[in-house]
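In what comes next, chain A is part of two complexes: it sits with chain B in the first one and with chain C in the second one.
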Partner chain A sequence: MRLMSVCGLTNQLKLVMIKMNNILVSVKNLTTAFKMGGRYTTVIDDVSFDIYKNEALGIVGESGSGKSVTAKSIMRLNPVTVSKVLNGKIVYDGTQDVLELSEKEMCSYRGNKISMIFQEPMSSLNPIMTCGNQIGEAIMLHQKISKKEAREKSIDILQKTGMPSPEKRIDSYPHELSGGMRQRVMIAIALSCGPHLLIADEPTTALDPTIQAQILDLIRGIQTKANMSVLYITHDLGVVAEMCQRIIIMYCGCIMEIADTYDLFTDPLHPYSQGLLNAIPKMNEDKEWLHNIKGTVPHFTEIPQGCVFCTRCPEACDSCRDTRPKLTKIGERREVACHRVIHRLRRDQ
Partner chain B sequence: MADKAAWKDRSWYKVVKKLIGRKTALFGIVVFLLLVFMALFGNHITPYDPATPSASEMFQPPSATHLFGTDSMGRDMLSRVIDGAKITLIVSVIAVLIAMVIGTLLGLLSGYMGGVIDIIITRLIEAISVFPMILFALIITTILGVGTQNIMIAIGVAYVPAFTRIVRAMTLTVKEREYIDSAKVIGLNRAEILWRYVLPNVYSVIIVQASLAAAGAILSEAALGFMGVGVQPPEASWGSMLKVGYNYLNNAPWMSIVPGFAIVITVLALNLLGDGLRDALDVRVRAD
Partner chain C sequence: METFLRVRGLKKHFPLKSGLLRKTVGLVKAVDNVNFDVYRGDTFGLVGESGCGKTTVGKIMVGLLEADGGDVTFEGKPMMAKRNLAMRKNIQIVFQDPYGSLNPRMTVHELLAEPMKKHKMGNKTEINQKVLETIDIISLNKRDLYKYPHEFSGGQRQRIAIARALMLEPQLLVCDEPVSALDVSVQAQILNLFKRLQQERGISYLFIAHGLATVKHISNRVGVMYLGQMVEMAETKTMFDACVHPYTRALFSSIPVPDPTHKSNRVILHGEVPSPLNPPPGCKFHTRCIYACEHCKQDEPILREIAPGHRVACHLSEQLAR
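Moving on to the complex of A and B:
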C-alpha cells in the first residue's frame, strides 16, 4: 500500500500539469455493434470519455469488456465487414470527427497523429521484413526522406527504445529477436512519426515481469519526453496504478467509473470498482480465500436491460434492474454510472 | 547507396546459398538449367537435324550412331528430344505465368476484400473448376482453335482455380494476423498492405504451387498433344512425340520411353526446385 501511495503521488503531481481544457481526443456516445450469428449485437454501449494532452489514461476491464474494441474504434481498426458504429463521434483535436474521415485521410491520420502497439509483439511484426525496413517504411510513408536517411533515423529511434546495438539489430528479422526486443521494435515503429497519442493495447501482457517493467519504464519515459498522450488498455490494475494518471473502468461494454488513479485506489465508488480492488491480494493479509466478485460476466446475448452489473452487484435494487444508469459527473474529473452511488451522493449534499 | 546494394546482395546471396546447400534442390536447378540451355541453344547442339526424315534409318534401336534410336521417319530421337525441350518449356512456363498472375490477383482480391467481390470471384472459380482440367482445355482449344499459343492459354486458364484457391486461403489467414493491423496503424493503404504485407507472406505457397503447376502443365501439354489438339507438326513437343511413339510401343519402345523419361525427369526436377525455393525464400529457415 505504501508503494501504491508513492505511485499515486507522482501521478497526482503529473495531474496538476495536465490542463483539463486541453482535450486531444474526445469519444462521445460511441456505440459499436458486431455481427454475431447474422445479427448485430452491441458490444460497446454509449461510451464517452476524453483523452487530455500529455496524460496517461488507462482503460481497465475484464476480457470481453470492450476495452480493445474501444481502442480500435479510435484507430478505426474494427473489421468493416462484421462491425458497425451505430452512434457516436470520435473528435480529434476538437475539430475532426475520425469516424467521418475518408479511407485516404485515415491513412495520413494513422501513424502520424495516433499510433498503436499491440499485445503480442511476435505476431504484430511482419515476419518476412527486417525490423529496419518496418520502421523505415513507417517513416518514409509520412515524411519525404530517402531510404538511407530513413535507415539512419530508424537506428536512432531504436537506440532511444533502449535496443542493444541497434545498428546490428536493424537488419534482424523479428524471429531473431527476443520478446522484449520485438516490443521495442513495435514501440519504435509506433513512435517513428511522433504521434500525439499512443494507444497501447496490453503492451506487456506477453512479456515476463522483468521485461514488463523495462517496457513500462520505456513508454513512460518516452511519453514525458515526447509530450504525447498514452491510452493504456490493460486488465492489470498494478500497471495502471503505476503508469496512469486517470483510469476508466469498463464492464460489458459500458463505462462504470472514470476517476483519477489516486481517488480510484483510495476511494472506489462503483461496486464493480470496489470488487476489482478488493480482489487484489494483499501482502500482509492472512486469508484462506481471495475476495472475488460473485457470478460471471453475462453472455453478450444476456446483458441485462438495466445496469449491466446488476446481476452480480451486491447492492442492486429494482431501479438498477429496470433502467441503465447514465455516466454522471460527480467531481472535477470523476464520473460514475451507478444509481446507488449517485443517490447517496445527492442525499449527502 | 553502397550499403543499400550490399544489403540486397546479402539477402540474395543467402537465398542462393540455401538453395545450393540442399542436394535435392541442387538437382532441380541443374536439370532446369540444362533444360533452359537445351531450349536456348538446342539447334546448335543436336547431333542430327531433328526434322529431316531418312527412309534408310527408320526404327533403329539405340546405338552408338543414334544414342536414343530413331523414330518412324528415321529422325534421331536425341535430337528430337533436345529440340522438343524448347516448345515444352515455353508452353509450361507461359501457361504457369498466365495461371499464376491471374490466379494470384483473383485470390488476393477475393481473400482480402471479402464480401461481394469474394462471392463473385469464388463462384467464377468454381464454375471453371467444375470441368475436369483436360476437358476444360479441350473446350478452350475448340473455341480458340488448335495451336501452340492457344494450348498455352487453355492450360493457363485451366490452372487459374488452383492458384486462386490457395492464395485466397492463405490471404484469409494472413489478413487476420496482427501485423496487418500494425501495417494499418502506421498508415499504409489497402493496395500497399496487399502488395507489401500480404503478397510476400503468401509467396511460399505461390512458388510451390507454380512448380507443381509447371510440372502439371508439361503433363497436360503431353496429354493434349497425345489427343492431337496440342502442338502441331512439324513442331514437336515431348507430348506429341509420346503420342507418335505410342503407336509403335511393341516394335520401337524407345520412341515413347525417351520423351516419357524426359518428362518424368523434368517434372521431378521442377518439384524439387519448388520445394527448395520455398525453404530458401523463407527467412525463418537458416542456411547451414
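Moving on to the complex of A and C:
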C-alpha cells in the first residue's frame, strides 16, 4: 500500500518534472506599474502564463491591453525610469528569475536566449549603420568571433530570411530597403544568436498583406527548423488563428482567457473573447450587422475595481463589479477569468 | 442601378523634382487611367496595397487634389478639376486618423458647425438645430458638444469626424481607411454606423481600405488597384468567390483568416511592389506574377469585361477564369 502511494507520488512527480521541463518561460503574478502624472498606475495586473518549448503562443488584445508591456517585461525592456515591477516572477527554463538578474547578466540573456522583433522596423533599426554591421554587432556581442566571420555569418542569416541578393544588401542602410526587407533584417538580427524564444511584437502590422504573408511564412518556417518558441503579440485574430497553437486574450492589463486556438475560436468562454470574435467581419460569412461590444476601452485611470470588463460586459452582475475574478484553470490547457463562466462550469459538473 | 459618379480615364501624375532648380526628373504615375462607377445608395470598395493610388483617387473625388486627366461626371454633370463650393458640398470625406483630422483647438460644436458656416447654410439657430440632430445620429451626448477632441476615445473621435462629414448632407462619402486606426471592438460600431446611415439616408460610399474583410462586409462592388491601375472590378460576391486576376488571388489568399479550421491555399508572391517611378513595361504585375508570359512583358492589358459586371485587366483572364 505504502509502496503504491510512493509509486504514485513518483509518477506524479515525473509528470510535474516533464511539465517543468517543457516550460521555457513561466510568468507568475506579474504586476507592472508605470509612472503617469507623478504616480504609479498599474498597467498589467497579476498576469500569469507559461510559454512551452517549441510552441507558438499568441497574446491578443486591443491597444492599451498591456500585451506589449507584458512582452517587454520578459525582455526587461520597459524603461526603468518610469516603470516598476510591483510583484511577480519571470522564470526562464525553470531556474533563473529574469527579474533578479543584474544588468550585465541581462545583456547575455537578451538577444542570446530571448530576442524580439518590433512592429516598426524603421524605428528599431539604426539608420546610420549598415544592415550587415547591425546583424554582426549582435553576433559579436554574444560570440567570440572576428569581424570577418561575423560578416559571413550575417550574410548566411540574411539568406535564410529570404532576402534577395544578401551579399549586396548587407552593405545597405535601412532607408534603402523596403518595409518588408527591413523586417527581414530585424528578423535576421533577432535570430543571429539562435534564441530559444522569439518575441514578435506586431511583426506585420505595418506591412502590406502580400508582404505580411511572406513574413509570417518566414517566421513559421524558421520556428519549425530552429526549434524555438515564438510569442506573437498582435491585435489581428487572423494572424493568431493561423500561426499559434495557444492564445492568451488580454484586456486592460488582465488576462481574460487562455485556450488552445481551436477551442478559443470554436467555443470562446469569456464574454470579451466572444464579443471580440463576433465583432470582426469574416471573409466566409455574410452578416448584415456586426456584433457590437458596447462602450469603449476604459481609460487607464478609470479601470473598474471589479472585473475589468464589467463596464462593457452584457452579463455583468454585482459580484463582477465588486471583486476581480481570478484566472482559474478549467481544463487541461484552459484558463478563464470570469465569475459567471466559472460558476456555470462548477454548477454543470 | 443609377450611375451617380462616373469616372473615366482618371490620371494623376506627380512630378518628381530634384536638384537646385527643382527640375522635373520623373513622373510618379499614382493613378493611371482608372475607370469606375459608383451607383446611388451603393458602396464601392477600393482595395490595394500601400502606394497603389487608392487614396489619391479618393482625394481627387473630394477635390483635395486636381486630376491631370480623365472625365468625372457627378449626377450627369461633368465635374471640373477645380471645384466650386456647391460641388464640394455633395462629396465629403472621412479620413483614417481621427487624431489628426480634427482640429484640437475646436470644440465638437465648433467642429460640426464649421462646414455649414463655410458653405453659408442657415443662420445660427438652424446650425444649432442641425448640430443637435447630427450628434444624435452618432450617439453622442449633448454634454459632449463643448468638449475638445482630446477628451474622446478613438472611436468617438471617428464618429465626430463622420458627423462633421454628414453636416452638409452629402450624397457621396469618401471613406479613406476609416476603421484601420481603431480597435477591433470599436471598428464594428463604426461599420454598423456606416451601414445604418446608408439605409436611412441613401448615402453612397467610396470605401477605401486595405482590410479585405471590412471591405467585403460593407461593399456591394469592389475594385482592386495595383500600381495606379485598376486590375479587377466586380460585385463583392463574384470578387470574393471567383476572382480571376493573379494579383487579386494572391492578395485575397494572403489575408490571415480568423478561423483555425480554415485550409489556406496561399499564394505567396515573390518580391515586392515595383517603384511607381519606374514601373515595369507591359502588365505592371508581370514581375511578380506566376503566370506571366512574353506577351505580358510587352503589352499592357486593358480592363475588359469577362462576365457581366466583372472586369479584369489580364491577358490570361479567360484561361484563369476556368
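Note that in this section the second predicted complex is superposed on the first by the 322 of 349 C-alpha atoms of A that agree within 3 Å, B and C clash if a C-alpha of one lies under 4 Å from a C-alpha of the other, contacts with A are read in each partner's own complex, and residues count from 1 in each chain.
In this text, a contact is a pair of C-beta atoms (placed from the backbone, for glycine too) under 8 Å apart; a residue touches a chain by one contact, two chains touch by 3 or more.
From a predicted model like this one, the values you see are computed outputs, not experimental measurements.
With chain A as the common reference for superposition, the partners chain B and chain C occupy compatible, non-clashing space.
By the document's definition of touching, of the two partners only chain B reaches A:77; chain C does not. When the two structures are aligned on the shared chain, A:306 is found in touch with neither chain B nor chain C.
With both structures placed on the common chain, the touch criterion links A:190 to chain B but leaves chain C unconnected.
Once the two complexes are overlaid on the shared chain, A:208 sits against chain C while remaining clear of chain B. Look at A:281: by the touch rule set out above, it reaches chain C but stays clear of chain B. Of the two partner chains, chain C is the only one touched by A:238; chain B is not.
Counted by residues of chain A touched, the larger count belongs to C, out of chain B and chain C. Of the two partner chains placed around the shared chain by superposition, chain B is the only one that A:108 touches, whereas chain C remains out of contact. In the superposed model, A:88 lies in contact with neither chain B nor chain C. With chain A used as the common frame, the shortest Cα distance separating chain B from chain C works out to 9 Å. The residues of chain A shared by its contacts with chain B and with chain C come to none at all.
On the chain A side of its complex with chain C, the touching residues are 62-63, 164, 178, 180-181, 208-214, 216-217, 235-243, 261-262, 265-266, 275-277, 279-284, 287-293, 296-297, 299, 312. Residues 1, 3-4, 7, 114-115, 177-179, 181-190, 196-197, 200-201, 203, 282-284 of chain B touch chain A in their complex. Within the complex formed with chain B, the chain A residues making contact are 75, 77, 81, 103-104, 107-112, 115-116, 118, 120, 123-129, 137-138, 141-142, 147-148, 171, 173, 175, 186, 189-190, 192-193. Interface residues of chain C, counted against chain A in their complex, comprise 49-50, 153-156, 183-189, 191-192, 195, 210, 212-214, 216-218, 240, 250-251, 253-262, 264, 266, 268-269, 271-273.
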